[in-house]
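In the two complexes that follow, subunit A is the common piece, with subunit B as its partner first and subunit C second.
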Partner chain A sequence: MTDQADKQRGITRRDFVKTAGLATGAAAGLGLEGILAARKAPAYAQGASLHFLLWKNFSPPADVEILRQGTEWGKQHNVNVKIEQINANDIPARASAAIEGKQGPDIIQFFHNWQNQYADTLVDVTDIAADIESKYGGYVDYAKAHAMLGGRFNAVPHTIVPNIFVVRKSYLKAAGSDWPTTYTKTKKFTWEDLRREGKKWKAAGHPVGQTVGHTFGDAVDFTYPYLWSFGAVERDERGRVAIGSKQCLEALKFFKALWDDAMDPAGAGWDDSSNNRAFLSGAIAATNNAPSIYLTASNNVILDDKGEPVANDIGHVPNPEGPAGVFHYHYSQQLAIPKYSKNVQAAKEFIRWLMDKDQLSKYLRRGQAYQAAGLKVYLKDIMWDMFPALKPFRDHLLEGRNVGWKGSSDAKAARVVQNYVLIDMLANVATGKMSPEESLKWGESQLNAIYGG
Partner chain B sequence: MTLSKLPATGGGESDAVRLAGIRTGWRPQAALGLLDRPGVLGYVLMLPAAFIIFAFIAYPFAWGVWMSLTNKEIGMPWSRVSFVGLRNYVVLWTRDGVFWDTVWNSFVYTAIATAVKWVLGIWLAVLLNRVVRFKRLIRAAVLLPWIIPTVLSTIAFLWIFDPDFSVINWTLRQFYVWMGWGYVKGPLWLGDPFLALMSVTFVNIWRGTPFYAIAFLAGLQTISPELYEAAAIDGAGAWQRFRRVTLPGIKPIMVVVIVFSIVVTFSDFQIVYVLTRGGPANSTHLFATYAYQVAMVGTRLGLGAAISLFMFPVLALVIVFQLVYLRREER
Partner chain C sequence: MRPQIGEGFGRRLLVYHLPLFFFIVFTLFPFYWMFVTSIKSTHETYNRSVNPFIPVACTTTIVEQVRTFHVNGPALMDDCLFHWRYLLRDTLFIRWLQNTLFIALVSTFISLFAGITSAYALARLKFRGADTFGVLIFVTYLVPPTLLFIPLSDVIGDLPLVHGNLLNTPWGLIVAYPTFLVPFCTWLLTGYFRTIPKELEEVAMIDGATRIQAMVRIILPVALPGVLSAGMFAFTLSANEFLYALVFIYDNANKTVPVGVVSELIKGDVFYWGELMSGALLGSIPVALIYSFFVEHYVAGITGSVKG
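Let's turn to the complex of A and B:
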């Protein structure tokens, strides 16, 4: 094609090369400022594509928004953005296959600290993460601890799924429990209280329901803070395996009593969606969960036996207090770029764009506050006023810890999560497979095998 | 002159070339002539199959063996991978708290599933052999569980085994209310370690029985009706006819089916992965699911490969038994 022909179509080949060169150079060399200075979106190779792998969200409107954002950014940059959503439980295996085969998604969403298992194979995104941090303020501590290893960000903290206790107020009231209405910062509700009150709820046919099965979210969200609240940790500050403690034994003994007295034994076989269904159908009175139960009840206008909206009967309260205090675990979600990607620059720019306030706030709001942001500044977002029933999730968001705490959230801590070691310690005693002492010994030997102790 | 009509030349020039008086350095006809030899032709025809076996079975197997002797992890460059000898096997044998559960589960799962599928398969085959009306339709319907993709049917079982929404538990609850016995939650199909193992075994049986039945049915149809008539005339009852005529008649096909089934059941993955992912408390992990958890999710490829390879001696023994049996039958 000649330049004359190009001119007839409104652009010459020389113009195109100049523009593309300027914008690409700006993007590569100057980052966002460079792009803004160039006043042009960076151009990527004709027909470039970006493959983004993430979960199928528990809040479906968030999926609609992320797809829209992918399309919008793709149009702006002439990049075909392919967004693939799968069950969160299947992400680790997909990531493993892609990383070992050196081909697959250009951006992968990881949960907890999963990506630390592949740290060497991921692009250093410290530049983006640091830019975002300086622009918007600090990350939530545990989100940062999950995304950063050895002073290097191997993923950008994107969102957090907060988890606290979700209770059915009318069931508690009917059983004569004053929790959660009397919960204050000074008068907390303990695990012992939960056992005592839960016994009543169970007798009325609505026990406490919690999974200790092999599943990615709820099992971790409950097990880790439960153990921490008894003072049980998998590693101490120096990184030594510390699970074989008196505190952990107490936690296991108590869990057996709690399970037998107040909990639904079906929980041993549940996945992440089971407690949502059980709660909404009235089978359980309380569970540790994300906002998805409330959102489903509210969005689908689920009614109780009296024809009243179940959403109005849902209360959100912090986890019960243990001997060592009140602890929470909210799983973080971060975005990583594998080194095999042929579109690292585009992937970085896409992540940077997703983290912009315009995009991230829309994503969180469209998701109806199901997820919070990995940045502290979003605690003040008006989103929480849009969904006042979910404010307790915000109020306890900073109380989380990283997996592996009190040690680091390194690859081995991720391996402990992925092999369900702490969860199985609870499951062993709950199902009667082992005594608390046996389960403690079993867990310690599993951790020693993983940490190489 | 067709190739098959060319006389064997014992490695020299073919007659056609000699007759034509052509002298060449390279003689393709001579090479083609080699194909006339049954020994050579046999190997040539075997080459594609041998290539497939090498590429898709032998090579991955050897690679797996090598990997199990290393500390390979997902994403670890080969320059950092080191040979660790039998360390992975020793770790599994002596220090892994899930491995022995996995061994036990795999044997129980395979033994129960195979035995029940065998009994139900014969029973179903005998019944199908007697059905005259709607024969094809019924046989097609019987095969359905085996034809439906395993993941799909297992997801249906996920609901059937749900403690709150299970159709079985719902029926049980209604029955209790009807009897005036009050409320019962019903069995925790996937929440109790023993029941969970039995539940996944049940799904395997449900899925695998049609395969046994159709294979046995094919065997039954090769048995001459005259044998049954002769046995009946000699005063043999139904049980004796089954034991003395039916069972020996389908024995060869039975051995092949059972061996095949043991191999597939022992290395099963999908049913457990969908229903329990190895839980609760590792009570349903099989070799394949535990290897998957350790290697693909936990990223320890070397250790995962070692778990998988623990299946090999068991499966090899089963195959050897089958080969020995088949050879004896051939004689």
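Let's turn to the complex of A and C:
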């Protein structure tokens, strides 16, 4: 193309080279401040493309928003942004193949701390993660723990899917239970209370429903905080396997009683969708879950037998208290860049841009508060006023811990999650396959094999 | 079943019709369940107080329209075909179906060709290690895709195409699927070829036919039921394959039905049951059609009908 032709389009080649050089230099050397000083968006190679792999969001408007954001950033930077969305359960297989084959998405969304298994093959994103943290005032602790390994960020904490107890208020009331309306910070509801009251609900045909099956979300979200609340942890602060404790044995023994007295035995084979379906159809009275049950009931205007909206009958309360306190597990989602990417700089800048308040707040709000942010500042976002029924998820967001707690959330902790070791310990007891003592021994041997104890 | 002379209605009912009725109900129930779920509203799917086997809102609408002789398309669409409309209009389902058919047909054709030639060699030609080789082919079929998908991804990423490589194209799957289809077809057809008397082709070769002519003109027509069985199995396996299709294809427009449906209609921990069931029902039609066309050959093929 000649300078004359360029001039007809309003820009000369000289201008383009100057702008591109300044902006690229600014992006590489000076970060966001440099870009702002240059007053131009950084330019990338002509026809550059960016492939972003993430889950198919529960909340369709959030998908529309992330696609819009990708298109907008792509236009600004002359980059073809391709956003691929798949079922969350299928991300590990796609990520493994891409990383082993050294080709595929430039940005991958990981759940829990999955990306730590590939830490050596991921780009160090400490620079942008630290910039974002200093700009917005800090990440949620466990989201940060999941994204870091060995003092460096191998992913940027993006969002969190919170999980607490979801209850059907009318079923509880009909069985004479005063929970959850009487729940206060001083008067908490214990696992023993759940067993006692759940027995009544089960007798009325609405047990507590919870999966202890091999599924990435609900099984982890329930099992980990349940064990923590009894003081059972997979590793101690020094990283040694600590599951073989009397607290863990107590937790397993109690779980057998809870399962038999108050829970739906079908839960042993449930996946992440099963408790949603059971709750919405009135088969169970309580379950630990994300906001999806409420949002499905609300968005689809699901009515009960009397024609009343089920959404109005849903209560959100924290997990029951155990001997060691109240614990939650909310799974984090973070964005990582594989080293094979040919567009690392563009990927970094895209993530930085996605984390800006303008983008992230829109993504979360349009997602109807299904996800929270990995940054603490969003606890005050107006999103929670838009969906007041979901405020308890916000109120208990900071009570979460990282997988592997009290140890670090390293690659081995990710393997414990992906091998469902702690979940199987509960399942073994619930289904009668093993006694609590046998299951404890089995779990300890599994953890020793993984952690090399 | 044709009644025999002297066979009473009661006996026929008890021996043939009743067992056949229960068998049909048992085998067709999943299709009925898929269909019923696909024409229920989400609210109705979750409502345990109504009969789960009857789509109440849809049935009421249809009965009302028949009673009043008034066809109300929008009402029918809202009460009966809501999920179908979403599946066909708001997703790329038709495109996924085309991709699936194309990939499954080409992979099946390639695998059948390779399977027939290698099975013939193993069944007829005497060479050292033929039996061991036959066993090894079967063992290859037993290697699970979960072990193979990572190295295969590497291989397919290295195979060049016009603008890039085979990843994210139908050709990636067309190359990958024969890795399990060829051993399967070979194993199935080797057994079938062995049931065909050698004398048939020996006679042809005495009359002047070459080995290839004897194979194509004498053996293949006799082995047609076996070839069709292997082809139908290969088509079904490749049309239903999930893991390779998930790993090797990125673009929504290039996906196959099993991956497209799961990617688009399972969102977080919420399953879009109506749309999923519509997709499952529609996706099973090509396979069902192929089976119904070739059912007699298929039965002959898997029972090994050629007698020596």
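Keep this in mind: the second predicted complex is superposed on the first by the 453 of 453 C-alpha atoms of A that agree within 3 Å, B and C clash if a C-alpha of one lies under 4 Å from a C-alpha of the other, contacts with A are read in each partner's own complex, and residues count from 1 in each chain.
We take it that contacts are C-beta pairs under 8 Å (C-beta built on N, C-alpha and C of every residue); 3 or more make two chains touch, one makes a residue touch a chain.
Source: prediction; values computed, not measured.
Trainee: Kindly say whether there is room for both subunit B and subunit C on subunit A in the superposition, answering fit or clash.
Mentor: Partners clash after overlay.
Trainee: Scan A:255 for contacts with subunit B and subunit C and give back first, second, both or neither.
Mentor: The answer is neither, since A:255 touches no partner chain.
Trainee: After superposition on the shared chain, which partner residues are touched by A:267: those of subunit B (first), subunit C (second), both, or neither?
Mentor: In the superposition, A:267 touches subunit B alone.
Trainee: Is A:213 touching anything from subunit B or subunit C once the two structures are fitted on A? First, second, both or neither.
Mentor: first
Trainee: Can A:58 be said to touch subunit B (first), subunit C (second), both, or neither?
Mentor: second
Trainee: With both complexes overlaid on chain A, does A:283 touch subunit B (first), subunit C (second), both or neither?
Mentor: both
Trainee: Should A:431 be classified as contacting the first partner (subunit B), the second (subunit C), both, or neither?
Mentor: First partner only, subunit B.
Trainee: Output check: A:96 vs subunit B and subunit C. Expected answer is one of first, second, both, neither. What do you get?
Mentor: A:96 contacts both subunit B and subunit C.
Trainee: Considering only touches as defined above, state whether A:442 meets subunit B (first), subunit C (second), both or neither.
Mentor: first
Trainee: Superposing on chain A puts subunit C and subunit B in one frame; which of 43-51, 79-87, 169-177 or 295-303 is the clashing stretch?
Mentor: 295-303
Trainee: Which positions of subunit A sit in both the subunit B and the subunit C interface?
Mentor: 93, 96-97, 100, 277, 281, 283
Trainee: Which subunit A residues qualify as touching subunit C in the complex?
Mentor: 51, 53, 55-60, 82, 84-88, 90, 93-94, 96-98, 100-105, 161, 217-218, 272-273, 276-277, 280-283, 289-290, 292, 296, 300-303, 305, 370
Trainee: Flag every residue of subunit B that touches subunit A in the complex, lowest number first.
Mentor: 73-77, 91, 95-98, 161-165, 183, 185, 188-193, 196, 276-283, 292-301
Trainee: Looking at the complex, which residues from subunit A come into contact with subunit B?
Mentor: 89, 92-93, 96-97, 99-100, 117-118, 120-121, 205, 212-215, 264-271, 274, 277-278, 281, 283, 411, 415, 418-420, 424, 427-428, 430-431, 433-434, 442, 445-446, 448-449
Trainee: Would you pull the subunit C residues touching subunit A in the complex into a rising list?
Mentor: 42-43, 46-49, 149-151, 153-154, 157, 165, 167, 243, 246-248, 250-252, 259, 262-264, 266-271, 273
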